[in-house]
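To start, I am sharing the structure in question, which I have written as structure tokens.
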Amino acid sequence: MKRPSGRAADQLRPIRITRNYTRHAEGSVLVEFGDTKVICTASVESGVPRFLKGQGQGWLTAEYGMLPRATGERNQREASRGKQGGRTLEIQRLIGRSLRAALDMTKLGDNTLYIDCDVIQADGGTRTASITGAMVALVDALAVLKKRGAIKASHSPLKQMVAAVSVGMYQGEPVLDLDYPEDSAAETDLNVVMTEAGGFIEIQGTAEGEPFQPEQLTAMLALAEKGMRELFELQRAALATE
Amino acid sequence: MKRPSGRAADQLRPIRITRNYTRHAEGSVLVEFGDTKVICTASVESGVPRFLKGQGQGWLTAEYGMLPRATGERNQREASRGKQGGRTLEIQRLIGRSLRAALDMTKLGDNTLYIDCDVIQADGGTRTASITGAMVALVDALAVLKKRGAIKASHSPLKQMVAAVSVGMYQGEPVLDLDYPEDSAAETDLNVVMTEAGGFIEIQGTAEGEPFQPEQLTAMLALAEKGMRELFELQRAALATE
Amino acid sequence: MKRPSGRAADQLRPIRITRNYTRHAEGSVLVEFGDTKVICTASVESGVPRFLKGQGQGWLTAEYGMLPRATGERNQREASRGKQGGRTLEIQRLIGRSLRAALDMTKLGDNTLYIDCDVIQADGGTRTASITGAMVALVDALAVLKKRGAIKASHSPLKQMVAAVSVGMYQGEPVLDLDYPEDSAAETDLNVVMTEAGGFIEIQGTAEGEPFQPEQLTAMLALAEKGMRELFELQRAALATE
Amino acid sequence: MKRPSGRAADQLRPIRITRNYTRHAEGSVLVEFGDTKVICTASVESGVPRFLKGQGQGWLTAEYGMLPRATGERNQREASRGKQGGRTLEIQRLIGRSLRAALDMTKLGDNTLYIDCDVIQADGGTRTASITGAMVALVDALAVLKKRGAIKASHSPLKQMVAAVSVGMYQGEPVLDLDYPEDSAAETDLNVVMTEAGGFIEIQGTAEGEPFQPEQLTAMLALAEKGMRELFELQRAALATE
Amino acid sequence: MKRPSGRAADQLRPIRITRNYTRHAEGSVLVEFGDTKVICTASVESGVPRFLKGQGQGWLTAEYGMLPRATGERNQREASRGKQGGRTLEIQRLIGRSLRAALDMTKLGDNTLYIDCDVIQADGGTRTASITGAMVALVDALAVLKKRGAIKASHSPLKQMVAAVSVGMYQGEPVLDLDYPEDSAAETDLNVVMTEAGGFIEIQGTAEGEPFQPEQLTAMLALAEKGMRELFELQRAALATE
Amino acid sequence: MKRPSGRAADQLRPIRITRNYTRHAEGSVLVEFGDTKVICTASVESGVPRFLKGQGQGWLTAEYGMLPRATGERNQREASRGKQGGRTLEIQRLIGRSLRAALDMTKLGDNTLYIDCDVIQADGGTRTASITGAMVALVDALAVLKKRGAIKASHSPLKQMVAAVSVGMYQGEPVLDLDYPEDSAAETDLNVVMTEAGGFIEIQGTAEGEPFQPEQLTAMLALAEKGMRELFELQRAALATE
């Protein structure tokens, strides 16, 4: 088996995490998984949604979008269609759940964090890149909250780092971090969200052609874990710089 | 550990599959997983969506809804809100993908199957009940297509039966087929869609509280497989009657 | 003249009113007028719409829907079309006005009743079946309000029972309770909502072909009154059981 | 009983029908029922809706609107709310059904007539004024179709004139053509659409307070018939001028 | 160069401003620029939009619409399309900005003025007619506010009168107040909003064909100023009558 | 007068035009006017909108958007609000008109160009940056069309280069290319679109506070012309590189 990308089966694409990518947001990251490029911002607003009022906890919500020409064929702009598609809603719900797992909401105070992930160029794996990049933007936004005195330094809402990667079965073999040509031809596509400590936050696997078998699942999850270790390292490196 | 339902950890709720539940649809099933009740219909229309025109294959699409008072608190009717929510779209996309896996679209001819799953009473597991029940409605609709001569008896589009069940971690232990009180308190919720031959079509696992561990995943999948064998048996029994 | 249904001109279809049909709603009824089957629920929420705030009275509002395959041809789901059609809005406004006539809003306290009528199988007369069945669900919901102490037993908001039936001119003769094949071929269609005491709450008559004459109107209303007596009897019988 | 308007119980408001009110439409009428003023236009487009394609007949459809400040309190503009309300849809469906009764669609050829009724000032009875005025605009539009040669003069689609008026029970007595203060205080409101020959096209009666009785219905219909004779006379007079 | 309208290059169409055109609004004007006819109403509501709460100032907002058959070809009703088009939004934003320039919001108190401009017949220049007519309706509405005691007579929010006119390049020459046939054939279209004192509130010029040159802009603006003097005179004359 | 930015009155911000910014679009440019950053893509699709079918000409249409956190405060995502706001529609209509002026549509063949301008960071002047950058993306897309043979090299649809800049009155003096702090405090804001040959395509001037005077307009336009010469130089330089 040879991957279209020429990568080894267990090899991530070149990953880049650029902090402070835009100026206004409390956290702003450009994350690149090869040719997939996503701007992830974390914004802070005081107040919480109605269903949490008076419960002494904060909230995090996520939205996802794609520029119309992020893809090979132009997609109609969702704002002009008048609604977000099912794929968009599915992805932004996944991002929101994943990043909420990183936080202890009771330590966030009466604040809401908005995570916006906007794909400016797509080449497969936009949801996993979004989660991985937005995690870094989230850490930056928490630092701003601390500086503003909205949360105490000694009482950080951050419970654990979270990252995500896709794995799949390609020509019968498990491969890590599929790009678009690989994803289109893969038999199975599995998105995995994990914590630094190695626990699963979310797994979503779909057989595109033939059903996948338990032992394939095990092999794919092992690859995901290997990639995840590298992603956490890359997040840490990005956050280590000033 | 004692389940709120009093069931054994590996015990399904009482399952009932009532065929020909309503009169007009080519396939119409009332599926009950305990107190969860879903009307599943399969409708046939000639023609295919634009993106498949002229490719000599058929299509299957699914929609999901809940009556406003299917739940403990009344939910606003999506038709009057003016849009389907993210949860609805996520579920109907899952139902659609799962049932398409049951078919060989190239043998369906120039036909589209519409699967409608409408929850009239909800008590957890509506998506897995929907898939399991709609599979039976789909088989009935294919029989109608054969009778009408739209597809050949010797050339059935049915590749394999598909069913779905939820499993989860409840008070640290894996349990099968969670009802609503169990689901609300579960640490992890995992929906599994499988084929009769034991392959996975889809797995979607979410940590609601603590991350879940690989060995918990393995245990949950084993439970799912056990439940699945029973569900396929129940589908066969339902289809065996006249 | 022979009715397609074989019924006598003044004969209702077999009517069944099943209480406590689903579990969560304060009142839940499955009403069947022959092959027309509607789930009617009555839900109670505390509070009233803004335009009634502080006026010391309650409110009742109704919504109506049809499962996509309740009919011979599948209808597009209104939730996915993004709006309710004119027919739907017209019917739910009629149901709301009719049931509000049953209540003394000043005795309802600061509560809103939501009536949901969802047609699971349609064979003509869905709006009249909805009103007749929802009336029973409403009585059950009021009993729940009394048990909860939200309204006083001695001070019931229930003023009068309300029911509805359709009549029409079919091949030049007045007939009672038209089913779909009769309705499609009728010259005139008249929906009548009445009180137990014999007063009219609403009449809506439409000439589908030739205009109808005053004496035909008189004849149709007489038939409606006859049917109405039987419907009130059926409501009472349903409510008499525990 | 004294009417707020000072009119006799069987007295219409001053009615004015001004043809050729605006320049572009094939038929354009300003109709005034006292202070209720509606611009009714009839527009012709070639072609028919999809469901009528190839059936050799035409179609008529109606839309209704109100300027935001046609009423005592400003109403939000439906175009900016993003949808037409239930009352609007109910009224425009009534106008459409009523005017379709005036035509033999098989003689209309492959044409669609659009009736637009826009209320510029409202004082009760906007739907009945709309039908009465739009009927005149429709006749003018048919004359244009004849001139253009789109329909044959000897083969007119016009079957019969149609008009509409409201009647009601006010302080226990039947009154004709209610204005807004009367309508707000009326116990019953009944809209009647008739043909010149005295047949009913549509009756819609609603008890606003107490139910109404059969003999009240009879009395109201007699008043409506009296008013209708005057309205047909006014339509004829308007059409008699060049 | 001969204008299709036969007017001199610097000649306005016949302008008519009819006050108190409809009954309910605090200010109501029918403005006619030749065959362009617009109903302009000014409505007063107490309270201000959220973003101005507690800032001790009022607000003015404008909406614009066209009856479907105001034009040569029928346009789809925006209320039934479910959204206002870009042209509509652009025009109503212009009307709002223009009329806000007439007022000192800090003297308006806690009130919002709604300006509604509804075109009943269009023949070019609907936005400039709307501004010119709505200005008069606004003055009338302010008088009502004074009578009601909502604002002090000695403390009028009216800073200056505002009017608007279009100019354009037609067959190489500047012309004033284009009607539809002229506008369709013009090389440049320029809308100008000015104050009585001769200052610009807004200029919007668009080259429809060839770019326009600075000296053409100067010539068009001179024409606009000439027309504006006449429009202010017409506004004053309209307001001078009782 | 000292500009907040410290620039001279007639000084542009640092402008950067980066071609081939993303991979998929036929033309893709990142344009930066200081801290304002816009991704402009030009996409080609064969076919034209319905109103141009069979007329032997092409079309260009533009859409504009802002990432939610492109600004100091997060704006709600238009895709999730379900509609584009008035400001967005106004800007995208301006971009479309401006770039259509650059082309001879009759030489474009049966093709539609989609211009997408997405603001990733806003600091004033997003619409003028969009036009200036999209012009370069458009030239690149035309080159692709030529390479594909869809248009002839000898028969280019490009008539003229177009660029845009804002000018304004700030503290009583005309200034060029306002950034956000300047724009917020300016008395007048004027957007100018011009051709290389010095003609105007569009001018849009708005008095934010006091009306502006003809001599101020003249001064602002002179500044705009000066800036425009530099912008055309920058466009040429960007296009000169390989």
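Note that the chains take the letters A, B, C, D, E and F in the order they are written out, and that residue 1 is the start of every chain.
Going forward, a residue touches a chain if its C-beta (ideal position, glycine included) is under 8 Å from a C-beta of that chain, and two chains touch if they have at least 3 such contacts.
The model shown is predicted, which means the values in this text are computed figures rather than measured ones.
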item	value
Chain-contact steps, minimal, separating chain C from chain B	1
Selected pair, greater C-beta contact count between E-F and A-F	A-F
Interface composition of copies chain C and chain D: same or different, split at half	same
Interchain centroid distance [CA atoms averaged], chain C/chain E, Å	50
Rounded Å distance between chain C and chain F, as computed from the means of their C-alpha atoms	59
Where chain F touches two or more other chains at once, by residue number	82-83
Pairwise touch network: line, ring, star, complete, or other	ring
Ring of chains, enumerated from chain A in the sense that reaches chain B first	A, B, C, D, E, F
Residue numbers on chain F that touch chain A, as the complex places them	22-25, 28, 35, 37, 39, 41, 43, 45, 63, 65, 67-72, 74, 77-84, 88, 114, 116, 118, 120-123
Touch list for chain D against partner chain C, complex	83, 86-87, 89-90, 92-93, 97, 101, 194-195, 197-207, 210-214, 217, 221
